[in-house]
Structures are given as C-alpha cells and as structure tokens.
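So the structure is just underneath, and the comments pick up after that.
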Amino acid sequence: MSLLVMKFGGTSVGSAEALDQAAGIVADQAAAGHRLVVVVSAMSGVTDALIRGARTAAAGDGETYRAQVRDLRARHYGVVEALFAGKGERAELLFAVDAHLDEFAAFCHSVHVLGEVTPRAMDAITSLGERLNARVLAALLRAQGTHSQAVEATDLIVTDGTFQDAVPLLEPSRTKTVAGLGPLLEAGTVPVVTGFIGATAEGVTTTLGRGGSDFSASILGVGLDADEVWIWTDVDGVMSADPRLVPEARVIPVLSYAEVGELAYFGAKVLHPRTIRPVIERGIPLWVKNTFNPDFPGTRIEAEARTTAGTIKAVTAIRGLSMVTVEGRGMMGVPGIAARTFAAVAGQGASVLMISQASSEQSISFVIPTAAVPGVMAAIEEEMVLELARRDVDRVWSLDEVVIVTAVGTGMRATPGVAHRLFGALAGGGINVIAIAQGSSECSISLVVGAGSAADAVCRIHEEVINHVQA
Amino acid sequence: MSLLVMKFGGTSVGSAEALDQAAGIVADQAAAGHRLVVVVSAMSGVTDALIRGARTAAAGDGETYRAQVRDLRARHYGVVEALFAGKGERAELLFAVDAHLDEFAAFCHSVHVLGEVTPRAMDAITSLGERLNARVLAALLRAQGTHSQAVEATDLIVTDGTFQDAVPLLEPSRTKTVAGLGPLLEAGTVPVVTGFIGATAEGVTTTLGRGGSDFSASILGVGLDADEVWIWTDVDGVMSADPRLVPEARVIPVLSYAEVGELAYFGAKVLHPRTIRPVIERGIPLWVKNTFNPDFPGTRIEAEARTTAGTIKAVTAIRGLSMVTVEGRGMMGVPGIAARTFAAVAGQGASVLMISQASSEQSISFVIPTAAVPGVMAAIEEEMVLELARRDVDRVWSLDEVVIVTAVGTGMRATPGVAHRLFGALAGGGINVIAIAQGSSECSISLVVGAGSAADAVCRIHEEVINHVQA
Amino acid sequence: MSLLVMKFGGTSVGSAEALDQAAGIVADQAAAGHRLVVVVSAMSGVTDALIRGARTAAAGDGETYRAQVRDLRARHYGVVEALFAGKGERAELLFAVDAHLDEFAAFCHSVHVLGEVTPRAMDAITSLGERLNARVLAALLRAQGTHSQAVEATDLIVTDGTFQDAVPLLEPSRTKTVAGLGPLLEAGTVPVVTGFIGATAEGVTTTLGRGGSDFSASILGVGLDADEVWIWTDVDGVMSADPRLVPEARVIPVLSYAEVGELAYFGAKVLHPRTIRPVIERGIPLWVKNTFNPDFPGTRIEAEARTTAGTIKAVTAIRGLSMVTVEGRGMMGVPGIAARTFAAVAGQGASVLMISQASSEQSISFVIPTAAVPGVMAAIEEEMVLELARRDVDRVWSLDEVVIVTAVGTGMRATPGVAHRLFGALAGGGINVIAIAQGSSECSISLVVGAGSAADAVCRIHEEVINHVQA
Amino acid sequence: MSLLVMKFGGTSVGSAEALDQAAGIVADQAAAGHRLVVVVSAMSGVTDALIRGARTAAAGDGETYRAQVRDLRARHYGVVEALFAGKGERAELLFAVDAHLDEFAAFCHSVHVLGEVTPRAMDAITSLGERLNARVLAALLRAQGTHSQAVEATDLIVTDGTFQDAVPLLEPSRTKTVAGLGPLLEAGTVPVVTGFIGATAEGVTTTLGRGGSDFSASILGVGLDADEVWIWTDVDGVMSADPRLVPEARVIPVLSYAEVGELAYFGAKVLHPRTIRPVIERGIPLWVKNTFNPDFPGTRIEAEARTTAGTIKAVTAIRGLSMVTVEGRGMMGVPGIAARTFAAVAGQGASVLMISQASSEQSISFVIPTAAVPGVMAAIEEEMVLELARRDVDRVWSLDEVVIVTAVGTGMRATPGVAHRLFGALAGGGINVIAIAQGSSECSISLVVGAGSAADAVCRIHEEVINHVQA
C-alpha cells in the first residue's frame, strides 16, 4: 500500500468538470488501496484575479476589487451549485466562499485605505484561492464517499520570511507535516492541502513563488517519505517540442532531473527544477500526468538518466533575446575581463541565458533579454572606459532579434554523431548559426539563430534528429 | 619607390649563414629601388642567455654570468670571423662585441653585489642582444656594398615606464622616428634598428614584451607611413595546422587580422595580434615570409577578410588545460553568479581560454590552464560558500587532460554547412566533444576534447574540412 | 504692513485655554495690521497617541487603538465644547473630529488586518493631529472675528519620498505656497496651515521628522518672503542653562545661528538648526516667544553674531555618554588610524558627539552614547585586530558615566581670557576635566567631566563666567 | 653585578674625543663590576653621507660617491690615527676602514651602473657606518685594557623584510642574542654591537628605521633580561622645553613612558616611543644620559608615572601646520562624516596631529602639515561633493600658519587647577587659542595658536606653569 502525493494544478481543478475529474482520480487511487495526500492549486485564473484586486486597490481604485469579489463569488458559487446541488455540503461551502471573499475584500479595503500593498499583505491575499479550493475539493471527495479533510499548509510548511518567494525549511516542515497529516492518514482520511502556501515560524502566511504548488507537493512528499509524487496537469506530459511550432511533438516518456533543468524555460508551464529537487534527491519517483487523460502514463522524472546513446529528447526556443559581444584584441591573456563584464551585467539585474567565449580570449558573447540591452551596454562601456580608451577593448555591440534554440538529451553526452546530425539538419535548411555553447554537464547544446530562422531550426531539429533517431 | 620595413627574427639572424641570407635579402630589395628600414632581433638564444646570467647573478652565483660572457663572446666572435675575416669592419666589430659583453658583465656584477635584479635592470641587460646584432648586420650590409647604419631604438620609440612589458606611445614615437630615420632614408642609407627595445621619455631603456621586435617593426612602419611591413621568419608563413601534428599542413596565403587573433595561441611563434594592430589599422599590408625561402610569397595579413564562403583556414590545439564547471539547479535566474565566478577566477590570476554556458543557466563551464585549477576551485568554493550550503550551487568540479581544438576561418561565418562538416569529421572518428563555444565575432569555433583525441581531431578536421573545401 | 509666519507648538495649542491664548495673539497681530500665516502643531500628546494606536494595531492588538479613538474624541470634544458652545461652528467641528478619528480608526483597522505598519502608513496616520487642530484654530479665529481658513500643507510643501523624515524641495514648495496662500493673504484671510506635514510630487502625505512644524514655518516663511518668523512655545526663549540645574538661568536675548547649532542638544526642545536654516539664509529674523507670556520679547535668532567680546551665553550638559579611547604608541605617524576608527564607529550607526586627539597621535578619544559602547568597542577591536596583535594599538577602552559640558558663545572666539575664567570656575570646585575639545569654527568649548561633577560644573560656569561677565 | 645595555648615539661616538669619552664610560662601568653590552651608532653624519653617495650614484652621478669615500676615509683614518697611533690595532683598523669603504664604493658603483637604488640595496649601504664604528670602538676598548669584541647585529636581531623600516621579531631575536652574546658575557668580554641593523631570517641585512639604534639597545636589553638600559646622547636628558625658545628650560629628572610619547615630536632627537616599548614593558629602567657630562644623572624613563599632582613637566611646539575644518549644520547626527573625512585624509597619506570636534557635531577640525593641505582639501571636497551640494556640509576651509603647543605631564591628570593656570598664562599674554584638545589618556593638553604667538605661548607656559609649580 503506497503513499502517493498528488498535486492538481490550476486547470486540473479550474471548473466543476475538472474538479469532478480530479476527484474521480483521487477516488480511484484511494479505492486501489493507496494512501493519498492531495495538494491543490487555486482554480486557474483565481490567483491572478486576487493579485489584480490588491494592486488596483493599492493604486487607489476602490471598485475593481469589488468587481473581482463579485466575479470570484459567481465562479465559485457556480462550481458549488454544479457539484453540490441538493447535497448537505452546499450551504457550508457557499458560506466558506463568502467568508474567504469577505476576507479578500477586507484586505483590499485595508490596502486601499493605506494606498500600498506590501509583499506580506500580497501573500495573505494570494493565499485565498488555494484555501478556498481545498475546501471545495475535500467536500467533493466526501460527497463522493471518500473520507477527506481540507488542511491549511500554514500548519505544515515552515518557511523563512522572504514574502512572495519564501524558502521552505525542510526539517521543521517535516516535523509539522508528520504531526499534522500522520493521524489523518492513519485514519484513512485523504488530506487536501493548500498548495503554494507556507508560514514563518511565527505563523505569518508566506507563498513559495513560481511553481509553488509543485514545491508544496515536493516538500510534503519528502516529509512523509512518500512512495511517489504525481503532478497532475492539462497536458499528457513533457513534450519534445512546443506543439504550436512542431505539430509532430510528442510526450517524452522518461526525463532525467538534469534534462528537466535544461527544459525549464520551455517547460516552465510544467516544472521548475528547484521545486522538485527535494523529491529527486530522495529518490522518490515523480510523474507528470494529464488530469483529462489519466490513463496515459505521462512523463516520469528520474534522478539519473536511463537513455539510449545518441538521442536528443527535446528542442526548445527562447525568444526576445539579444546577444552582446565585448570584443578586443588587447583582451587576450588579461585576467579579469570576464569578471568585470559580468559584474556590470549583474549590476543591471540582467539574467544571462548563454555565454560563449572561444579560445582566443578576444571576445566574450552572451545572451540577455533584449529589454536589458541598453542598461547592460552602458554599464559595460562605463566599466571598460579605460580599456576602450587604450584600445584593449575595441567595441561592445549587440545583435537583437536572436533566438536560443536548445537541443536537450542526456543521450548526446559522449555521443560523437549527435552534433553532426544537428548541424546537418540546420545546414540542410540553410540556417546560419550565430553562436554555439555546450557545457560539459548539460546534456544540451544551445545555438543562437536569427529570429526569422528559429521556427525552421526547431522543426528541422525535431524532424531530423529527434524523430529520425527515435523512429 | 616603396618604403618597406623588414623585421628579421632571431633565427633569421642567428648565425653567419642566416645573417648573410638576411643581408642578401636586404641588398636585393635595396637594389630593386625600395627604401628600407630593417628591424633586427638578437641572435636566437642570446636573450635567454642574458636573462639567465642576470638571474643567476642575483641569486648569488658569481660564475654563471661569466660563463655566459665567454659563450656569447665565442658565438659573436665566430660570426664576425666568418663574415668579416680580412675586412676592415672586423676589428671594430670585435671591439663592439667586447664592449657590449663588458657592459653585460658589469650589470651582472652589480646585480650580484646587490643580490637582486629589478625589472628596470633586466630591461637594460636584455637589450644588449639586439644592440649588438644591429651593429653586426649594419656592418655586413656595408661590407656588401649597401649604405647602412645601426640605430638604437631608444632614440626612436617612446614608451611608458612598465619595464619588461612597456606600452609604446605612438605620437611621440612617430616624431622621434621621423627625425631619427628620415635623414638616413633621404641619404639612401638603410637603418638597422634594434628590435624589442624602447625608452621612456626620460631615456631609460625599456623592452616591449612578447613579440617585441614585431611590435618595433609595426611602430616604425606606422611612424614612417611605410608601404608594407615584412616579418622575416624561418617558416614559409602561417600554417593551416601544426606540421608536427598534420603533415599535410600548408601555408595560408591570406589571413584577416581577426583570423590572426584566433590563431594567436597556435601561431604565437609567428605573430601576437597586439603587435601588428598599428599597421593593420593604418591599412599597411603585412607579410610573413621565410628568410630561407625568400621567393615563396608567404602569408599576407589584411585588415578585412577576402575569402571564399564555407572555408576553414586553420585548425589549432591548445594542451595542458582543464575544464571547470560550476553547477546548480538553484542558479537559474539568479543574477551575478557569472560575475562572482569570474571574479574568483580573476583573483587567482588565471587566464580563461573558453567559456560556455548553455541556455539553462544551471551551469557555467570554462577552461583554464591545469596548473591554475586548485587555486581557482578553492576560490570559487569560498566565494559560493553560502550558495553551496543552500544547494543553489550543487558542486564545482574540474575535468583535467582536456584540449581546446579551434577551427578558424572567416569563411565559416554565416555559412550553415561548416559546422556540419566539422562535426561530421569528428563523428567519423568517434571523437567525443565535451564542450563547444562559438562567439559571434570570431570566425572560429572551439571544441573541448579529451587529450587522447586531440591529435585525431585536428587531423580529421584538417583532412575533411580544410583540404576538402580548398581542393 | 509686515508678513509674519507664526508657528504654535503643541503646548501652545494643547488645551482650550492655550488655543484661546494663541488665537488672541493672532487676532492682536492681525489687528495691528500684519498679514499672518499661522502654522499649527497637533495638541501636545496627540501625535504620540496616534503612533501608539498604529503600533499596537500592527502588533495584533485590536483594542488599544479604539481606546485611543475614545480618548482623542473626548479631548477634542472637550476643547470644542469649551470654545464653541452655542456657536455655529460647533456642529461642524464635532463632525470634523469624528471624520478625522474615523479615518484614524480605519487606518488602524487596516493596519490591524494586514499586521504591519509601513513608514508611509505611519505618516498618513500621524498627520491627523495637525489636520484636526488646524481646523479647530481656524474656526476659533473666525468665531473671534478674524477671517481665517485651515489649509493642508500637503497642498503647499513638496518633499522627497523619505517617509517619516522627508526632505522638503524648496523651489516646488515655493511655487505651490505662493499659489495656495497668496490669494488668501490678498483677501485678508489668515491661513492656518498644518505643521509637520508635506506631500510628494505625486501627492502622498509625508512628515518632516524631528522639529517638523518649525521646518514647516521656515519653508513657508521663505516661500512667501516673510518679514519675520515667530516660533511660539511655552518658555520665554532660549535659556542660558537648564533651569532645573541652574535656578539663575535666564533668557538669552540674541543668539547667532551658529550658537543655536551649539545649543541644539540642550535646546532641542526649542529649535533644530536644520529646520531654521532656510530662514536664516534668507536673512529673515526669527524669534522664539512664549505663548503664555506674549509681551516678553523672547530670543531673537540672527545669521551673524552681534556680541560683546569675552562673553559666554549658555552652558549645556549632555548625559548618558561614554568616552572611548583607542590608544597605542605604535599609532604615531601611521596614516589611516583615525579613518579606520571612525569607519568602525559609523558601521555601528553611532553618533559621535565629541572627538579629541592631542598632538602625539598616540590616542584618539571620542564620546558616544553609552548604549553604543559594546558594539563600537567590538567593531574597533575587529578592525584593529592586526594592530592589536602587533602592539601598534595597545588597547581600546571606554569610560562610562561621563557628561559633556559645553560653554557656548561667539564672544569667546578670539578672546584669550574666557578659557582661563572657565577653567578657573572648574578649578574652584575641584572638578576634574577628563577631556577638552574646542574647534575653530564653533564658538564653543566642550569638556568631558564625570557624571557626578556635571551639575556642579554647569552651575559654576553659569555663575562665574556667564553671570560674572554679563553683570 | 648588573647587566647594562649602553647605547652610544652618533655624536657620542662621532670623533676621536667622543669615542675616547665613550670608551672611558664603558671602562668605568666595567671596572665597577657591571656586565656590559654596548650598542653603537655610526659616527654622526656618516649615515647621511652614505645615503647621499647611493642616491647620487643612482641618479647617474659617478663622482659624488667617490668623493664621499675619500671624505669618509679621511675622517675614519683621522680617528684611527688619533686613537691608535703606534698601537697594534692601527693597521688592522685602517684595513677595516678600507674594506668597508671598498664595499661602499662597490655598491655605489653597482647602483650607478644600474641607475637605481632599491630599499634593500639602501639598507646594505647604510649599514656600513655602524659596522665600521663597532670595530673602532671595540678596538679602542681593547687598547684601553677592556676585553671587547665587535659583533654584527645581523647575527642577533631577526626582522621582517620591510627594508628601511624593518619590524624586529622579538622571540627569534632573543634566541639569537642569547646564543651570540651569552658566551662573550660569560667570558667577561664587552660586545660592541652595531646599532640600527638587523637581518631577515634568510640573512639579508635590514635597518630598523628612525631611532634604530635605540631600538637595537631595547631589543638586546629585553633579549638578555638586562638590569638597565642607558641611552648616551649629547644632552643632559629630556628638557622641559626647547632651550632655543626657553633659556630657562631644564632637564626633567623622571618621565613616564606616556609622557615620553607626548614629547616625541619635540623630543624626537632623544627617543621614539616605539623603540623603547620593549624595555618599558619588561619593567627595565631606561636612562637618557650625556656622554659629555656622565656624572649628571640624566632623565629616567619609567613605565608608570611617579609625580606630584598639578605639575606640568614640559611644553613643546610643532610648527609648519595648518588646521582644516569641515563644517555644516546638516552634519549633526549623521553617522559616518568623521569616518569619511579621515578616509579622505588618509588617502592623501597625511599624518593627523590633532583632532577636535566639540559636542555639536557640526564641525570637525584637525591639524595636518601645511604641505598636505591642498591634497587633503581637494580629497575631502570630492568625498563630500553630495553633502556640499545638499548643504549638509557648508564648507571645508583651512587656517595656515598655526602651531600646536602641547603641555605634557601626568600630574595634570585629575588635577583641576592645571588648565586654569595654563589658560591664565595665555590670557596674561593676550594669546588667542584657536582650538583645544585633551584626550583622556594623554597627560597632555594641546592648543592651536597662531604662528606669531607660539614662542610667547611656550615661554609663558614654561614660566608660569612649569617653573611656578616646580619651584
């Protein structure tokens, strides 16, 4: 009898139908004899609505948040009516909806009075969506005959005080999780825990940032030594390419943790590697599954790769980028140029997506979001003002409208022919590669190409490398 | 009637035969009606002998420098006897040899008395080889009927006070060069100028560091608005690969300045890009020629590339390297990791030969000399101690025994098929590529391979990419 | 017909009687034909009550702020009843009291809901006392037959966004002040402006920090090119010593701006030099007067001193201090010891009240609040760890329970006998002086004495130097 | 039977007569049964001549050092002839003179050849005066019947490698001193040790900087646990004032170590506190005596003061100074102003002789050498550019032509009437005091007065305070 932690994302619990589907999944697994912990997101769109209400209230708008209250009430009422009409839980749930939305209104009113919203207040406000939805799903499970109870994660997950992006503290969280959920599991009750949320040691509500509900599932899975963690979403698993670009894209059956990291940009909709690290390190298997196609096996994430040599598993594209190059014949053998260049970049808060410096030490190229280019260029020119005057650095320039195309797959590691096939695919399309980077640990190779060639590059790589090999 | 600056390197003036050969070249060009300025290195091995004498004297050894005096006297006497036996210049040259070596002995004696050698003293000592050889070559030209005169570069080239690696000041150098060499050229005399040497504005002797005599030729060429600068060496030009690795290596007829930069490591024996920048910027053509095969045209260096699309011109290998990787899933999107990593590297004084960070921001790899690895690893771990504790950085590790193989050629820029052929060549040999970097401005692509595969990689690239294309 | 800016402090408008007194003063001056701008503080104690309400609400206490509302309502109602019983303004003022206290309650409620109070919210809350009191005083003036109108300083004074200690921006404030108050003055109306308060360019309420209402009067005085600024308080002017220590203390008729600066610690209840700088620089005379003894001329503050040579005007004592000494024979002639010592002090955020280093460079003594001693000692010892190990610094030690006694008076400048009389007064009492400092620009001399001798020292100096000379 | 370390300064061993006098002193003490270690300086003027020879040689002057050799030979020959004519030691000493001066000539020749003199070379050169004089004095003692032997301090005193200002390492020095001098003392031989000189652990000669021979005596005294250390000089002891200013100045019988520190500037001709710290800390009594009046007891230096309350022992004046003031009403309560001010001063390498900041925190005054004023003013203005723009700092100004007059004496500590008498003395002369500083540990009070009043101030303080009290 396994212990499974199941997390349902926003679209998986975003409507009466979805909730019904999710409840059915839970009921089936419970019936199969598994002990279950459910982690639930807010209904899709709810968190954004809460944020919008708080922001508009802070900006002096006393109406929008009231409108949000009405919309959110209508939406949740609708779900309750659809699922609980004529049932005993209905009144209690409608009351819970009102209570939570009253709290939201009170917060927004306070924010409106004070004219500002702090990170701490924002966490209190954005926690409401999960808190409400956990109530609904637990009630639905009960209505369908499964013992269940909603649990606030503020009683389980202890974090530091970084509001909006709190860092969970694993040991205290484990202690509280065992104490909080153990008796329920013993009693055969399915706890439905609010995702995304934690609390400081003093009990102040925090949120876990991007991918927060996955993080919650991961922390609970580790705290309870779960057998598996299942992430329920609205796709069949992690895809080999963006299906909008590549109609032939397909689900990848098995990914290593390292490969998930490489896919994070493209696959952010699915998983942020930070959130799943706890379970991976524990060796707990993690699955990405589709709520609306529960029989499809989905993608399994493993700590280490089990893979066929020579394979590439996926190809991604990141747009909206520019490549900046610092170039000078006098840079050769001068220590510290790289350090100073990236210090200037960091000073602008810009994220560096790719770096390439070939052996001559006469130029460094790196890729950053286009929006950061003016600040970064100015900062580097200021930092290098002496070198520019002495001609040790000749120029700093940027190339806009570039795309990073990345091919991912542990199988390319130590496999001589992969790069050849990759560049063959590009050469076949006459696609010019502006820069290349492959780091040793990455099981990926990244190429910079012009924005106009990106879609073609992705398709060709998918067609000629992924399909070809896997066929 | 063109004005040519001709620089003869150490092997080109390293023996009686070589000097005779060089003098013949000068005489031929003078006879052809060109105005000439000759820049001469010390005989091959002489500068090293001078340095060794000074160092041993500083260390308390009063004998070695005296032995060096005897050897250097024997070598220079031998040259004088071979070239000037029975001629009027003989006595004067023998006297000059003695005078210069007495000066060397006096310096070494002073260094020995004081127990230390300063950079300034080292410059005074190492300047003697060029000063002596300029006398010899000028005398030889006169003996063969060409008007000639030895000139000390301390009267022509003005530098800053960075002893052992002085930076020339172009404008004052131009003024002094025109004043010092103009009248000689007017009178039809060939000045033979000491390479490698300059002087501060106060007249203290300095040396120009690595590639110093090339730098001298470059500065004089610019100062006099020369028509061409010829670098005479002992090979037929810049080669497409190291002939010891690739027997089929051949001379490259034309290289752009950018390509020279890429070839600097491999081609350091030929040219350091810093030294030729002045002439390239002036648009003065520069040739690398072979003193011992003067009819061979050699390699011409140009500011911009004139080249056939799709071609790679050369392939190089740098050994003795390690690749260091900083790796962590928590690094994603955290600004400043690159800056801090390279600040730690720079703090160790290590030169970074190649950097590669692919798009996931989860690792940065860079290549440094193996000797620098322990210090660099420790410095990064100290810098990242917090991130390592928080698991944002998982580990810092190094891979030793790696080689950077670089393919160079402006023709690969904007040519889709080159990388394909390149990786095809490697795949054909089953050669595993550990990391790849290609920066936008570089007309090069660098690969990290294991030391055991390096020779094979170089040969295959030369055979299948360079030969194939150029055939 | 002069334009006067009159500021009434908290005790001057802190009760029905005080308000009536203040209104009488305003009416008299208006009747005398002057144009007037009145700046008003909150009733004494009100601001503290507002702060306490906000802080307790933030800490989760939902009762205290409600109690404060009741108390503040009772106090303001009482004043209104006492002054306006049976008058037409009564109802309107009671309504205004309720409206402002409702606003306070709403803010505190919001703070309570959110569990935190930001500097911005605190400024909004603490502004209420002045806003309410300006209404009351303006109504009282009208009831007594003087045209008057309450004006919010948020419409006049523009500041930066440093909540709780905002810096006024003089030029935009002048523009708004002229636009806002000019028409009222033209129409013969006395504006009653809220002191202490300003607003950012975006209109967000700020407060001006310590001495804020004086600052308001100063800014308005400069903005309107007032003829004089009068600061109404509850003492007859700036005193020659603390009357609790020295019963013979008397009012000083004229003080220079420099002397006010010297008296700031002791005289902080009266004036902070920063707040009056604008009017002093404009050459606008500034008076400190007693609301409850309005015929007494008070103290006049002038830009430059008009004074008799040899006089000391006042003597002050600052308690709660310690003297820290960094001492070492090896410090002599070592540059940078002072810089590093005070960097360590500044790193602890400690204010340095006095420094003394005599000529031998072997020790530096400085006086700081006793509470800062442990942190400062530790910081200096850490900074000097090397010097302590090498014995260049022998020790760092502190002497607690010391008092700085300062004699102030421009007249001592360039007057040889003053120090003699001063030390004679101390010697007569057998009072030991621990350290002395007199800086050139200061028209003051500061002595460190033991806490037990401080009262005696102040009395003796007052008796033998001030009285003696001025008699 | 006591062990005494006796150091003879340059004038005490600067001529045949002086050497004879010194030898007599040594012989008398030896005859009195004391065990003796003698430390000897170079003859007065010799070290300067050696430095001048080295500097002129480095500057390209090949003649001056040869002239110095002639002069030094004449002077030393003269001394040898006067003291050893007809004695057996004569020939050996003349040979030693030649050998040492040949060494000097060889060094200067090397320096001349190389055109520069390094700190290390300068130490080797300046050590020659002591090395020669130790030979002469030891020979003289032998000639007069006292067993004696010259000893090189390079065999006894171990230092770090800071050439020209080396720091002695006490423990290794003690070990070598005991090993080197113990057997001689056992055998009843008087070692005559070269002052001023030490050697690194590797044996390279160093010098101990200012007051170096006193330092040598101090180190040997501590190393051997001497009973007393006697510093023989050409004055009767430490004086109560500069006799050129104050004819009534007299010798101070007893001074505490702290008082010596205060007198260091004025008394630098006598003692630098750093050099005597080792013996003071050991509790070894130290005397300053007059070689030419050996029966006069001199001044005794003790660790702690034994003194009469109310006394001032000496008064000094330091000229060539300026007082810089940083002034601003906005500085009050702003931490870090002092730190930044002195950081700017330290950045200019300027020594701060006195600091005074009175309690208002509105200005800091400090005294520096006038030559440093332009650099310091510019540095502070640059550092404070923002504060100057915001008017937090109003101005930075300097007052030139000031003198620091310092009254020194432990007796003033805790004695109320001293300052009174001091200022009475000044007031009596109508002398204006610009600034005052007295630090707690210092047993001194420093006054800044105008240069024109300085002599009068010193005389009046000496007359009315020192004489008056001690009479």
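Letters A, B, C and D name the chains as they come in the text, with residue numbers starting at 1 for each one.
FYI, a contact is a pair of C-beta atoms (placed from the backbone, for glycine too) under 8 Å apart; a residue touches a chain by one contact, two chains touch by 3 or more.
Every value quoted in this text rests on a predicted model; they were computed, and no experiment measured them.
Undergrad: Compared with subunit C, which chain's mean CA position is the farthest off?
TA: B
Undergrad: I'd like to verify one number: the distance from the centre of subunit A to the centre of subunit C, where each centre is the average of its C-alpha atoms, in whole angstrom.
TA: 54
Undergrad: Where the CA atoms of subunit B average out and where those of subunit C average out, how many Å apart are those spots?
TA: The mean C-alpha positions of subunit B and subunit C differ by 71 Å.
Undergrad: Among the residues of subunit D, which ones contact at least 2 other chains?
TA: Subunit D, residues with two or more chain partners: not present.
Undergrad: Indicate which of the five shapes (line, ring, star, complete, other) describes how the chains touch one another.
TA: ring
Undergrad: Per the touch rule above, enumerate the chain pairs that touch, sorted by label.
TA: A-B, A-C, B-D, C-D
Undergrad: Within their complex, state which residues of subunit C touch subunit D.
TA: Residues 257, 261-262, 264-265, 273-274, 277, 316, 318, 323, 325, 327, 329-330, 332-333, 335-336, 338-346, 349-367, 390-391, 399, 404, 406, 414-417, 419-420, 422-424, 426-427, 429-442, 444-446, 448.
Undergrad: For subunit A, which residues are in contact with subunit C within the complex?
TA: For this pair, the touching residues of subunit A are 106-107, 109-111, 113-116, 118, 120-121, 124, 204.
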